[in-house]
Amino acid sequence: MSTFTSYLLLFFGGIIFVYMLLVIFSYSTMFLYALLQLRKEYKLDKHESDEELSDITYVKPVSIIVPAYNEEAGILDSVHSLLSLSYPQMEVIVVNDGSSDKTQDKMIAHFQMEPIQKVIRQQLDTKPVTAVYRSTIHPNLLFITKQNGGKADALNAGINLSKYPYFCSVDGDSILESTSLLKVMKPIITSNEEVIASGGSIRIANGTDIQMGSVMSVSLSEKSLVIMQVIEYLRAFLVGRVALSKHNMVLIISGAFSVFSKKWVIEAGGYLKSTVGEDMELVVRLHRMIKEQKSSNRIEFVPDPVCWTEAPENIKGLRRQRARWHRGLLESLWKHRKMTLNPKYGAVGMISFPYFWLIECLGPLIELGGYIYIVYAFFTGGIYFEFAIVLVLLFILYGSVFSMISVLFEAWSLKTYPKITDLIRLFMYSFTEVFWYRPLTIFWRCEGILQFFLKRDEWGHMERRGLSRKGLEE
Amino acid sequence: MKQEMKSMSLISRPFSNTDSHDFDLLHWIYDLQAANVARSKTSFALVFVAIHAFNELLEQYGEDSANQACQQISEYLNNQIRNTDKIFQLSQKNKWAILMLHSGQEEAKYFLKRIFQSIPYIDFEQGMGMQMGLSASIVEIANSTTSYAEALSAGEEALQLANVKGDKEIYIVEMFNKPELEKIKVSIIEDDEVMKSILLTMLQRIAIDYFELSIQTFNDGNQFLQSSWSQSGHTHIVIMNDILPKKNGIAVLHELRRMPNSKKYIVFMFSKLKTEEDMIYAFEAGVDEYIIKPYNVKLVAARLKRMLARLR
Amino acid sequence: MMIENKLLLLLIGILLLMSLLIALFIYIIIQRMLETSSLAKVEQYMKKHNVQLYLYLIEGKELSKDLIPHTGLDIRAIEEMLVRYTKNISGEDVSFRITAYIERYLQEHYRKQLKSSKWSIRINTLYKISDFRLYFLVNDVFEMLNSQKKYSKQEYFQMYKVLATFESPILISFLLHPKADFGEMEYKKLLYYLNQQQFEILIDQYESLPSILKNIIIDIVGMKNVVEFVPFLEKRLNDDSLETRIRALKSIDQIGLIREIDLYLPFLQSPYWEERMMVAKLLVHVPMSESLPYLQDLLKDSSWWVRSRAAQSIHSNKKGKEILESIKATTNDRFVFDMVQEVIGKG
């Protein structure tokens, strides 16, 4: 072996090593932050503080927008859960984005929809709306049909129709709890509308008993792939959200459940149609607007578990989802790349952007390199062998230990899963993450990066709306 | 089955005697009234009257005088009754039954006391005469389950007892004067256990006559609508929250109001929403009472009682 | 050799960390199990005692001896039930009995909790003082406010809220020199509790107040619907700040008393659509014969909001629909037509 290759290997190893330390350092910091935050609120009577807000005198009315494309399986449950929300003033707008299944028939029959005359104010440009219906049972439930134009387009159409100053986007297959909307509006209300967007944390519904849009009992799925995703969501929540939110640095609030100030979103031009990550892109764009207008507005993340969503149960679905998310992330970062390390954009530009670029976006490439390095080193042996072992240990620390800590957090503070056996299973699985699940997701995310470069002109018409982003992008 | 056999034999008795036609009529009116009792919720009374010490009269003055006495008393009674009352001769000629519509035992008692005040003095042929005595029994019928035969036999038995006791004695049969309790279904739909128990206790402690509340509780709108309990031919009070899991209050209301017997449902809905708009919509959707949370338990109980009183 | 040593160290470190995590996990699991069983006990207690509590709170029967709390779990269960009562059940007698119960059995418990070192417990207790109207703890709160100890913003807010709930006269001086940096929403909530007398004191000092309080006072006057303050609001219409003027218009609209229409006419030409829209809304409170010419003008406004408001104001009148129909028939303005169409279609 030439000295050149050995230097190269050493160099790569060094990069991976430094990267690992960086990640471990930043994760530890954020974990510590989350720990302090959660410790403070430990045993706080949440019910009490929510109750206080539900007074109509302070509450801001909200239009809930549900984009639906071929959602016949879940749309009724989802709408039921929205109608059972405890919120003083709201309307629910379901936007049928040219579905080819029975979404429309089901909605019209089940909620006794009747067509109404309505002049829609075209504040955002969308594909034509074909009809507007109103439920005769629930006068605050509207249903509109439009030509297919993608999720972003459907959301924009919903915004055009909405009558309230805030809108909440909810995926057509998601279930909310009755206090969810109140909780996610809380930062907006208490900050006296300083906060212009806020997102709730997402939980995986698989395994949980949901009937007609109500969560009856929570339990963990039997499928290992789902369990790993539960752990992933937990970790993403602790790492990416709690700490960043405190300092107005969140770049991702999940599209599955978030509220926005309509005025701001319309001023920003609505959801962008040419990306698969329209929810993240909008948040980044809003951050950019805030900073460019030099205003003090904020975007927050609400730690309470409030929105339940279905996760893919097979490899194929998960692979597609992850590749897509990663592409979306990359698109958003790329589109607003000039914010990176730009002091004009404050903490978002100086901290969030580098963090997302380095750790979230390019991380998979480096990690993939790490895995290859280890395999290579095992075969070549020698001096690289020891180095490879160091890397393996760091991988374990980084992959599994943080996951285990996340499960600890869940057991101690979040308490989503009431059953002890579920917790033990979660803990066991979290240990195995680094050996099989982590490499898989890294591979899929690298695929996403590849897609970003190869297929960038194809997305517009290739997929309309596959599996939506559910608020996970560690 | 046994009951019916008994009544058959009882009915056959008057038939064998005279005036079977009269008895038919009494039976017919009785059944009509009894059926009406449940609906109109007012009772009626059967008053049985007999000439006191009739056997002595018969022995002392002979058959003709006795017949004359019966005749005159019958006329006297006929004059005394109200227009709405009807008098029937019983199988024995010294006994009568008076059917008093829309009257309970208290009214019957006043009626008898009035009669007893001026019982005629009867002159017999040979210049002899006698102050007649009367004894009576009252059967108030306040429920539709009492059969004609039961009422008749109880009344005659009581008349016998009164007669033995003496002149101007009244014996009241208390067996049939309790109105049958109407069962009213009450459903509480509420997902909070504490609130559910407050409503349940409130209902259980409401003091009401004539009604028996059979109460069931449900956690959500769907559970209620899916249960066979929710189907009602009779009055059914539904007390629920507007925000409920699965199916919310308005959706439940909508389904109830679409049923053919929707008028049987009386709906109380609790809500935190206090704008006029919300209330108007709830009433238009068909709630009977819209109660804003927090609510006063005593006030809700009073409203319920008022509602029940109107159902009587 | 060196790298091997370090490796060993790292390995040991990771193993130690993992065993620490496992130990922690076991500890948490045991805690959770205990927690589950105490939750079950609380449930059971509630089930067993809810009728007794009902008899005491609603019917005013003598308190059953069973309801005297002995353990921490008893307290938790009773608190839980009492909270449900205060949130869902009204009635002076009920809240009086709740206060009486706590005064007798839980007073010291809460007093101790107020001094807890845990933030969440202190906050929870402050909530309860307002909810259960624990007047006997107001002095404790007052002492907390006067002490040198630093509390969090949320705690200060809750403390002020306690003072507000009990209409304490000291509140105003605290409001003028708050111990925390409150936002508009917090002030709004606090001021909302003030009684009219306290409110008048604030209004007398209006000019000297910080601007955040000024605006909130305008809002609250509208929310509380106090007609006596309309002249005060009218004065604010000449304020230099657009924000203040809009808020004053909003509050006057909420009260719905227009004493002099001339005061509002200048706003018809305002360069800001918000002001024009507010006038369109306000004109509802004026007889249609007077307001119609202005509303018709506003119907042609360049802003959608103003047009929409104007159309709705006309529509809300008894003869509004007719008037709108005739406008629809005669106008050749596409925007006016669309707006009228929508408003009529809705009704």
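When the chains are written out, they are named A, B and C in that same order, and each has its own residue count from 1.
Operating definition for what follows: a contact is a pair of C-beta atoms (placed from the backbone, for glycine too) under 8 Å apart; a residue touches a chain by one contact, two chains touch by 3 or more.
Chain by chain, the UniProt names read as follows: A = Glycosyl transferase; B = Response regulatory domain-containing protein; C = HEAT repeat domain-containing protein.
Only a predicted model underlies this, so the values are computations on that prediction, with no experimental measurement involved.
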Query = Which chain maximises the distance between its CA centroid and that of subunit C?
reply = B
Most centrally placed chain - per-chain CA mean versus overall CA mean = C
Key: CA centroid of subunit B to CA centroid of subunit C, Å   = 55
Key: Centroid distance [mean C-alpha coordinates] between subunit B and subunit A (Glycosyl transferase), Å   = 68
Key: Between subunit A (Glycosyl transferase) and subunit C, centroid-to-centroid distance (C-alpha), Å   = 30
Request  = Name the residues of subunit C that each touch 2 or more other chains.
outcome  = 87
Ask   = Which residues of subunit A (Glycosyl transferase) touch subunit C in the complex?
value = 40-45, 47-49, 51, 57-58, 116-119, 121, 189-192, 194, 386-387, 389-390, 393-394, 396-397, 401, 404-405, 407-408, 411-412, 415, 418, 420, 423-424, 427
Residue ranges of subunit B in contact with subunit A (Glycosyl transferase) within the complex = 220, 222, 243-248, 250-251, 254, 272-275, 281
Ask   = Which of the residues in subunit C come into contact with subunit A (Glycosyl transferase) in the complex?
value = 3-4, 6-7, 10-11, 14, 17-18, 21, 24-25, 28-29, 31-33, 36, 83, 87, 118-121, 123-124, 127, 131, 183-186, 188-189, 192, 223, 304, 338-339, 341-342, 345
Inquiry  = If we count contacts the way the header does, which residues on subunit A (Glycosyl transferase) are in touch with subunit B in the complex?
reply    = 54, 56, 80, 83-86, 88-89, 137-139, 178, 211-214
Query = Which part of subunit C faces subunit B closely enough to touch in the complex?
reply = 43, 46-47, 50-51, 54-55, 58-59, 80-81, 84-91, 94
